[in-house]
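Following are the structures in question.
Across the two complexes that follow, subunit A remains constant while its partner is subunit B and subsequently subunit C.
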Partner chain A sequence: MTTSTDPTPPNPEDLICAKCDTPLRIGKVLASYMGQTFPVDLPLCPTCGFVYVSEDLAEGRMLKVEQALEDK
Partner chain B sequence: MDSDHVRTLEARCVEEHPPACQNACPLHVDARGMLGKIGTGDVAGAFALYARVVPFPAIIGHICDHPCETVCRRGEAGGPVRIAAVERTLVEEAYPSPRPTARRQTKPRRIAIVGAGLSGLTAAADLARKGHRVTVFEADAHPLERLRHDYPEDRLPPSAIAVDLGALDSLGVVIQCRTRITGGSGPRGLETLIDTHDAVVLALGPGVAQDFAPTIHLADNGRIAIDSQSRATSHPKVFGGGFHGALGENYSPIGSVRDGRRAATSIDRFLQGASLTATDAREEAEGSCLYVNITSHAPVPPTEPSNPKAGYTLDEAMAEADRCFPCHCLECTKACAFLSHYRTYPKRAVREIHNNLSIIMGNRKANRMIDSCTLCGLCETVCPTDLAMGDVCLQARQEMVASGHMPASHHDFALRDMADSRSERSAFARHQPGFDQSTLVFFPGCQLAASSPGHVERLYAHLRDRMKGGIGLMVDCCGAPAHWAGQTDLHGEVRAHLHRTWTSLGEPEIVTACASCLSMFRAHMPEIPVRSLWPLLTEIGWPKGAGQGSAGKTLAIHDPCVGRHETEVQRAVRTLARGFDVTLEEISSPELTTCCGFGGLVSFANPEVANAIVDQRAAERSEDYLTYCAMCRDNFARRGKRATHLLDLAFPPTDGSDPAARPDPGFSGRRDSRTRLRIHLLRDIWEEDMTDPEPAWTVIIPDAIRAEMERKLILVDEVTAVIAAAETSGQKIKDAKTGHVIATLRTGPVTTWVEYENTAEGALVHRAYGHRMTVEVPS
Partner chain C sequence: MTHSDSRLLLGTTESVCPECLETVPAIRYAEGDTVYLEKTCPDHGPIATPIWRGLKSYLLWDKSPRHYAGVSKPATAVDKGCPQDCGLCGNHLQQSCCVLLEVTSRCNLSCPVCFASATHTGEDMPMATIEAWLDTLMDRAGGRVHIQLSGGEPTIRDDLPAIVALTRRKGFSFVQLNTNGLRLSHDPSYLAALVTAGLDCVFLQFDGVSDTVHQALRGARLRAVKERAIEACGLAGVGVVLVPTLVPGVNIDEIGAIVEFAKVHMPVVRAVHFQPISYIGRVPAPPRPETRFTLPEVMAALIAHEGGAISLSDFHPGSAENPFCSFSGRFQVAADGHLTADREPPVSCCGPPTPPLDPAPAPEDRTSCCSSAPKADRATVPSAAVARARRYVTDQWTRADTPEPVDPGLAAFDAILDRRARTLGLSAMVFQDAWTLDLDRLRQCHIHVMAPDQRAIPFCAYNLTNRQGETLHRRPAP
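Up next is the complex of A and B:
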């Protein structure tokens, strides 16, 4: 058991949808905010469509787009 | 915010007013800017500033009678900056001066100037630069004859005169010496001059002008009658330089230059058919005054030149230039970490905010700046004209909300927290048990309830013990977050709800423990009688045994920003603390206290600025701080400054722990406290049937992750909800390498992600983050 924070982010290649027991694959996804929609490629479960957003993406590129849209 | 209002606000900020030296200079030389450049050794830049305005820099640099020094504000702190001496070194260092160039004029006019003194030659230079054909007629053998007689060569070197006359020559000005202009219509007569030229300047210097009497009017003293501003005479084509005022006035070289310049400006207007009396912006600024706080500058004596006859060396001139403060107001910018973070001052900020609000398409770059003001009122307190940036920012926020342009992420979390504190999880109101009315109602405020619920219980018990007639309790939110966020409608809802609750309690007087609540009631619900808890406590005293263990402490007292003008409360708090034999130190005067970063919701919209504000305040004194606002205390604690609440002194922790070391409870801790306080009070005092909330899931969050969650505004409840949903539905991701589980849940406007590990003790959290965008696979 790890008791401290784990600085290494998960590697998308190691991720498996627990419900479908299927490895995630990169697929086409729509990201939306404030009425604007952008196509992006993200890891997702090919069976049930569960999309994975990494911390890196959420606090990096996504945050930038959110803030830019909020200031329009 | 209409443009008229914006202009009124801008006009009240004096920062862009010219400094006293520039104001006093007949040519408005930017002495402050020039000294600043010399101070850094930028001789070329300094000379460029000087020569842009001064027509004969080499000459004036040696003989200027420097009215600037008389008004220099450094005079009140060691002696005026010796600007003229610095200028002399400057022009000597900057030789040879750059040659001025004349503008190409499509229709050059012929101008005659009578008299080759400083005034006449200034008019000649100015008009030649504009491209006109200028001829100067001088009775003496040389131009500037008077200067050659009046000043010894070590004061005004002939080389300086030669350089400046050379520049005049390169402008194409023709000087005819030994040519005396007489009255009448002879070949050298004034009438002839007027007939053969488009305009004439009479720059005669001292002496009477009887010869010209038939052509132009003379004043009683025998001189030509000249309008002192426009330099117009009775003849429309003739303008006067040179005399500068009545007989007996002291000779001023810089005054002569100004008169020549005014004549040239008027001729230019006359030739274009424009009004002579139209004043330019510079003249309008005359008499304006830049506020300068002299007391903040230690006296420094003037630099003495090692060789007084030679004047300053460049090093000496740089040292003297460094004595320039320089004059600025910036009283608010110096006091406010928000304004200094944005390196701005009200005049500029107001314009920027107005422009931001006016944007139809494009980026609203000032949104975050508008949301970074704590609305604390310090700027208007230190401003010489009481300009309140908080009012401007608040109005801007209200307009942003109304027009749908307020960025949701700035205040969303704070408003959801307010909603929680107003919800039935936390809020309630009751008469004292056994009473069907209240003479007073205690309003502890959501932050005291959240930070130290035990103190609310103790205080309420104490008030019930000492006060007669039924003391009600109203645990609720005053609506400050809605007001600060510019949410006018939501704030109206909060007020309506508070009014209804107050009415249902029989309209009793409200006693607040929180300075924000006090000010919100006072400003927005004037129908409700309200008073502060602290003066009341000086009347009724503390419970027996209060304040044990506090004696002998030395604490520096921090007043909350919303209470900067509440002198009665400030006095009461000091009396109460001293009653525990605590030695108090003042950080600043209470009126000049700063915000803790919570005001105006800045800690949500701009944590960087909020932290700068609280850190700046925390650094002011080394002692532990004493506060009487729960939010101030927690913010100091969050930034590592030891701080004690007055109630910590009165009711110290029973476990003997150090109250000044009590950590910031954080947003999740605050919510839990509010919920638990309601359950405790209703169960223990009103004997209502309350059940403790069942923990939905056992979640273990290491301290480092908890701190990250606090920074990212993610609540423990949200993390727990993600885990509970994932474990219930089975919708989750597994990391094959680490065995960690990754799950997500959309709660309100935010999607929360949690990476955790199922252990025997519960779910151990490794990571939590969120985003506002939504993602979905296209259908």
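Up next is the complex of A and C:
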């Protein structure tokens, strides 16, 4: 797991999909919120498409983006 | 009263006599490009006051829908009529959006212009009264009411961080500080304590960029003080709104320079909120037509300063208050200072609650704006217009985070945060005085002041003073 300020995030292949037992890899993901869509690169499972979002990302940048959109 | 043929009658309302504060009938009319409020007191005769210079924008603002929302828990009975019954009474037409708590009547300045008539002597409000205010507000209006700590000068109290913490602990989600910035400019540990306690925004008295202006309005040379206060707020991580009181003959010619100052000090400075002078409390002299500066004149000055890059259509009336009380606009600021109107469509506040960015969890306290706040029951759910006004303030007046990019793959997230940091709010609100008071506007007021006896009184009623300085609701200064 990494933090949003950590300059050296873990290799996604160190993360294993619990369902498919497959190493994750970085891929294009479309995140959407309140009518806006964000193309971002996140670790995902090449087999089932499961997307991994670290706790730090969810409670850091993602939360700030959510708040910025909600307060508009 | 007699009318000339050149008058265009725009409406009828009620006002007060600026001599005796008795309620009197009034009309609004246009003559040429200026809109006037005219009334006649049986004892003191007729008087007409310019209230809006710009008929085009008046007619535009007049088309704005009126959003009324009754007070769910009136605190005073309807008896003598507006503006005597304030508390709020059952005839008030808007809920509380921002509520001022005057935590002291002492001040470390003695400004020639002061709506609260504050002086160096005075008294601090007991903590028990402040706590009772918060409990009363939570009961009547819920935790989404914005709290402004005001005075006097609130930072004269050493226990202000404890008041901020108490406000947060009681469940209020937004706390701003109305201040002259003196203490913030030289006491970083005090400012840090305020921010740690939960302060969201510094509402900074900022009348101009020259010491001449500060000397005229505040009786002190404060240019360097303001600079240091803003720098300190940046270091402490709290957003700043510059609040100039605009006075003809004093600082109208600094409007453009104030905007440029704001641009240079973004993102610490998030907005400029102009307040054309109202003749309430302590003022150098009673008003004359030439000592009035109206909202469309503020917009015209901003448009002229930007050299046509922005226009009247980039400004809008407020959504909750009467449209003639305010305007606001949001602008993207380019690296060269060029402004572009932020034309992102407003997000509907009354749609179904929106799920969080999947799959990130949403914190429990960020529900949709029209659902209940924690501890709030159905009676304290805000009206849609009030909720929208609060949301605007929360977004535009609080600190803007600009994270260092660490991952190019997350650039789309950072772009949203960068955009917010590059957005400057330009807005204004004109308070009413005994000459301009329009009871239609007052009934829609959503900025209220807590009185020591627990009444919530619309700002313009609480601060109303007649020509002799006598008040209707505020206790006279000791």
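We adopt the following convention: the second predicted complex is superposed on the first by the 59 of 72 C-alpha atoms of A that agree within 3 Å, B and C clash if a C-alpha of one lies under 4 Å from a C-alpha of the other, contacts with A are read in each partner's own complex, and residues count from 1 in each chain.
Operating definition for what follows: contacts are C-beta pairs under 8 Å (C-beta built on N, C-alpha and C of every residue); 3 or more make two chains touch, one makes a residue touch a chain.
If you're wondering where the values come from, they're calculated on a predicted model, not measured in any experiment.
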{"item": "Touched partner set for A:51, first subunit B, second subunit C, both or neither", "value": "both"}
{"item": "Which of subunit B and subunit C A:35 touches, first, second, both or neither", "value": "second"}
{"item": "Winner by number of subunit A residues touched, once subunit B and subunit C are compared", "value": "B"}
{"item": "Which of subunit B and subunit C A:64 touches, first, second, both or neither", "value": "second"}
{"item": "Subunit B/subunit C common contact set on subunit A", "value": "4-6, 9, 31-34, 40, 42, 51, 53, 58-59, 62-63, 65-68, 70-72"}
{"item": "Sites on subunit B touched by subunit A in the complex", "value": "362-365, 367, 407-409, 702, 704-705, 730-738, 740-742, 744, 751, 753, 755, 757, 759, 764, 766-767, 769-778"}
{"item": "Subunit A to subunit C touching residues, read off their complex", "value": "4-7, 9, 26, 31-36, 38-42, 51, 53, 57-72"}
{"item": "Partner subunit B, residues of subunit A touching it in the complex", "value": "1-6, 9-11, 14-19, 24, 27-34, 40, 42, 44-45, 48-53, 55, 58-59, 62-63, 65-68, 70-72"}
{"item": "Subunit A contact footprint on subunit C (complex, rising order)", "value": "344, 346-347, 354, 356-363, 366, 369, 391-392, 394-395, 401, 403-404, 406-414, 416-417, 420"}
